[in-house]
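Below you'll find a set of structures to go through.
Next come two complexes built around chain A: one with chain B, the other with chain C.
Then we have the complex of A and B:
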């Protein structure tokens, strides 16, 4: 039993880092630019399909494929930002609805390009790590580490660099930030594209672990939102912790509670946290 | 304007006598039924300013409740429909109370209603013994309806459904218009424009938001039951996010500023896939593209834009101008 629980704990952490990276994207765009981008899930799916296609069909090395898919999603992000979200900057609901519309368009596009058959990438890095009787596939461990590093790097960049200060300044008072010489339009687009890139990277790595289909990103964006709200909007480090908490709760929960309702735990948590502690676990402002 | 409405109503009433094509009438039946859902969604979204993601859930839950109460408790269709609407009302009161009591707004309101809708979908999907899970339920028995004056008749056949749909839509439009033209509607408008200001003016924001949410969901419940029995099939996808998205698209495309607008949106979005043969993916893509296109380029929707254009015509100009001087225009 302990074996099972520990195994699920590790699984939960790994899935949780994936939730965390989407959550970081959600929290960045919402916390800094005030755009809720539900389409992050679709960008994640896009990244996953790109990396699967480039590795399995084109035959590129996996790391190269990941970098290329990351670039491809970011280009898609630039297009989406300039064509659509640039026009919804000051209207939260419109931006939200545009992003929902974008999900339909992107998912349908992916379905038409790559059909509805779930795809599975061949093993990129076979083999397992044995830690005291526990078996963790090497690839899962590696992916979790990369994602952890990326989120922590983002956190460091936000707290320690000039860009991060500019972003916080912008989040608190856009007008004042502009007067202090922050190039606000570039910042808005930059944050948007960066968060899309995070989702794309998450997706590209996801493809090496699980089978992918056109709709999986939708689940992840919901989890990402749950994790981001759980942590408190605006907290990037918190988003990662929120994601891991959510992943672990689901994994452990499905041992003791019916697994069919796994997706409901996060939803219940989300509602409770919004009612009882709307600032989230790590948020300092309401 | 009133004359135009009466004329349009008469034309719609006589349509099945003139047009015999099932193809055309089917489009209208879908438009009427989905129009009920879209118009009622607009009451919550367009007029009160709350982006509810629960509409498809209300739509689907009521269809399931009706089915259950008919087969398990042998309650006739009429009564089951009543039970379903009542059930949805209670559920929306609970959810609305939670959301509005804690003053959830905009994104947070959308997310929490979405969470409740997803929970409802998960229950429907996994409660196999009652809902038959993802396989859904075929509704083979045509419901019987008893109406004073008409006696009992079976809900089957295109023209019967046409009139049932038309009556439901007319009823919905009538109730929504009455609500919106009363002081209740003024309160909705005040809340949409600025709910903090509304509350300082003495409007009980909580109560009116809850009222809008409950009325809207009750009509969604009606639409869900009609839709399920017209199609003859029930599945958990009724409660899905894309279904909510369809209602949102209808409202925005038709125009969220008027009571009738969403019906136009429903007509266009139901007619499009029927007229142009589209694969399922292409249809989803069209819905998404239409949604984006409307928000960015046609924020008033078809009906709203048409009204603006009509105003510029010299004939309608005077009557319109007289009307627009009334202060109520601000609040819709």
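Then we have the complex of A and C:
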């Protein structure tokens, strides 16, 4: 049993990094633009389809396909920002409506381009790592490490660079940041596109682990929002930890309780944490 | 000299001649009727693995029959008109489409659905047309409706798992012969998944095979935690999911936690073939193993060639076995039944003719007294490395 629990602890952490990268995108976008971008799930799906298409259909090497998918998703993010979200800055309801509309458009585009039939990428890195009886698929481990590095790198960039500090300053006091020379429009667009890129990268890597369909991103954006709330909106590092907590709650819950209600175990964890800490684990109570 | 009589009479005669010609042609045209048939399958979406091939097969048969000039019933020539919307496996959408088929298009013969959730959604509505309509589908849930009052409209084109001709019973016996003592079931937490568990639980228990059952939500992609839990119980075989959409993920992830034996009653051998390097045994009920049948059965070879020519795409060998239900053969069977019944509109007579028939097409198909299909089938086992064993079974 101990081995089973340890194994699922590791699996929960791995799955949680996928929730975490979406949560990081959600919390960044909300902090800087004031909207909850539900369409991040659709961007994740786009990244996944691009990665699958470039790898399996075009025949590119997987790492190159991931980079190109990331770039393509970010280009789509630029278009979405300039055409739509630029007009919804700091307006939660309008942003929400636009993002929901964008999900429909993007899903329809994906369905028209690649049909509704689920797709599955060939094995990029087959095999498993066995450590003391614990089994970790190599590709899952690699994806988790990449996502961990990206989220931690984002956190480091936010805390150690001028742009990061500018973003923090803007999140705390937009007017003061503007007066201090922060180009706020550029900052908002940059953060929006970066968040879309995080989702696109998550999707591109996701495609190497699971089968993909036009609607899978919807599940992940909900998990991402759960993780971001659990962590406390505004904390990028916390978003990662929130994602991991959700993943672990689902994995461990499935061992002791029926797996059919796996999603509920994460939600129960979220409710319990919010009861104890209403602002989330790392959130500011104000 | 041309008189006024001539001036009027000649054009009048011409007009009369032309009119009689037009009406004569119109009369000939009405002597040829059209029988509308409907389709109610998922042609796209995660469940299209079940619905695409049947809907394509029906379309091919309709084209073939119409190109051949149609068919004669009681001295009148008919062609077929197919109206086949895509349900995408969505029950609400399917219900709207069923209403359109019956109310607007006045269709009396519908092929499909294959999906139990769709059947559950449309059945109460179609029941209002009992005696005037036939709903010929492969849905597992249709079994419970057969022989019930006011459910004469149901014909189940997919064989049933249990009973003397049941493929499921035979497949479980195959496991018994291999000395299997414990099986883990991992099934969708929906109507279809629960129906499968309800069917197979007594089958396994009657043969003293221990069962461990878990369900999963249909949108699940990561099964690792559930599979690890099941693997800890050390089952001899895993009996997972009922759609390839889930099977690809399950088989791949199960093999990673050391589960390498699979028992499949709904789905293709595709997931087994894809993961052939990591599995030991993937036993699947396959209505027909087309790769082999194409080489030995002329009708199958013709069907494969016709499909490629018609759709101008490679033949989908993994999905083709789904043509065992509400597909190519079944359109020809319906036409034969109409001919024998001497009517295209009196549904009870057509149904009676259909149930009395034994048809030899791609499959040898007949129905039992309740309206459930019995047909010959294959059990395919994919072994490590991709080696394939095929067993042909002809139910008594």
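Just so we're on the same page, the second predicted complex is superposed on the first by the 274 of 286 C-alpha atoms of A that agree within 3 Å, B and C clash if a C-alpha of one lies under 4 Å from a C-alpha of the other, contacts with A are read in each partner's own complex, and residues count from 1 in each chain.
Here is the rule we go by: a contact is a pair of C-beta atoms (placed from the backbone, for glycine too) under 8 Å apart; a residue touches a chain by one contact, two chains touch by 3 or more.
Just so it is clear, the structure is predicted and the values come from calculations on it, not from any experiment.
Asker: Output check: A:92 vs chain B and chain C. Expected answer is one of first, second, both, neither. What do you get?
Answerer: First partner only, chain B.
Asker: Quick one: is A:169 in contact with chain B, with chain C, with both, or with neither? Answer first, second, both or neither.
Answerer: neither
Asker: Per the contact definition in the header, classify A:11: touching chain B only (first), chain C only (second), both, or neither.
Answerer: In the superposed model, A:11 contacts chain C only, not chain B.
Asker: Name the contact category of A:263: first (chain B only), second (chain C only), both, or neither.
Answerer: A:263 contacts both chain B and chain C.
Asker: State whether A:213 touches chain B only (first), chain C only (second), both chains, or neither.
Answerer: Touch status of A:213: second partner only.
Asker: For A:101 in the superposed arrangement: first (chain B), second (chain C), both or neither?
Answerer: first
Asker: Looking at the overlay, does A:36 come into contact with chain B only (first), chain C only (second), both, or neither?
Answerer: First partner only.
Asker: Pick out the shared contact residues on chain A: the ones touching chain B in one complex and chain C in the other.
Answerer: Comparing the two interfaces on chain A, one with chain B and one with chain C, the shared residues are 111, 258, 260, 263.
Asker: Quick one: in the complex, what on chain A touches chain C?
Answerer: 1, 4, 7-8, 11-12, 15, 111, 115-118, 120, 126, 128, 135, 137, 209-211, 213, 215-216, 219, 250-252, 254-255, 258-260, 262-263
Asker: Quick check on the complex: what are the chain C residues that touch chain A?
Answerer: 44-46, 48, 88, 189, 214-217, 219-222, 224-226, 228-229, 232, 245, 248-249, 253, 256-258, 274, 277-278
Asker: Provide the residue numbers of chain B that touch chain A in the complex, in ascending order.
Answerer: Listed in rising order, the residues of chain B that touch chain A are 51, 98, 102, 104, 106-108, 110-112, 114-116, 118-119, 122, 125-126, 241-242, 245, 248-249, 252, 279, 281-282, 284-285, 287-292, 295-296.
Asker: Which positions of chain A touch chain B when the two form their complex?
Answerer: Its residues touching chain B are 30, 36, 84, 87-88, 92-94, 96-98, 100-105, 107-109, 111-112, 218, 222, 225, 229, 258, 260-261, 263-264, 267-268, 270-271, 274-275, 278.
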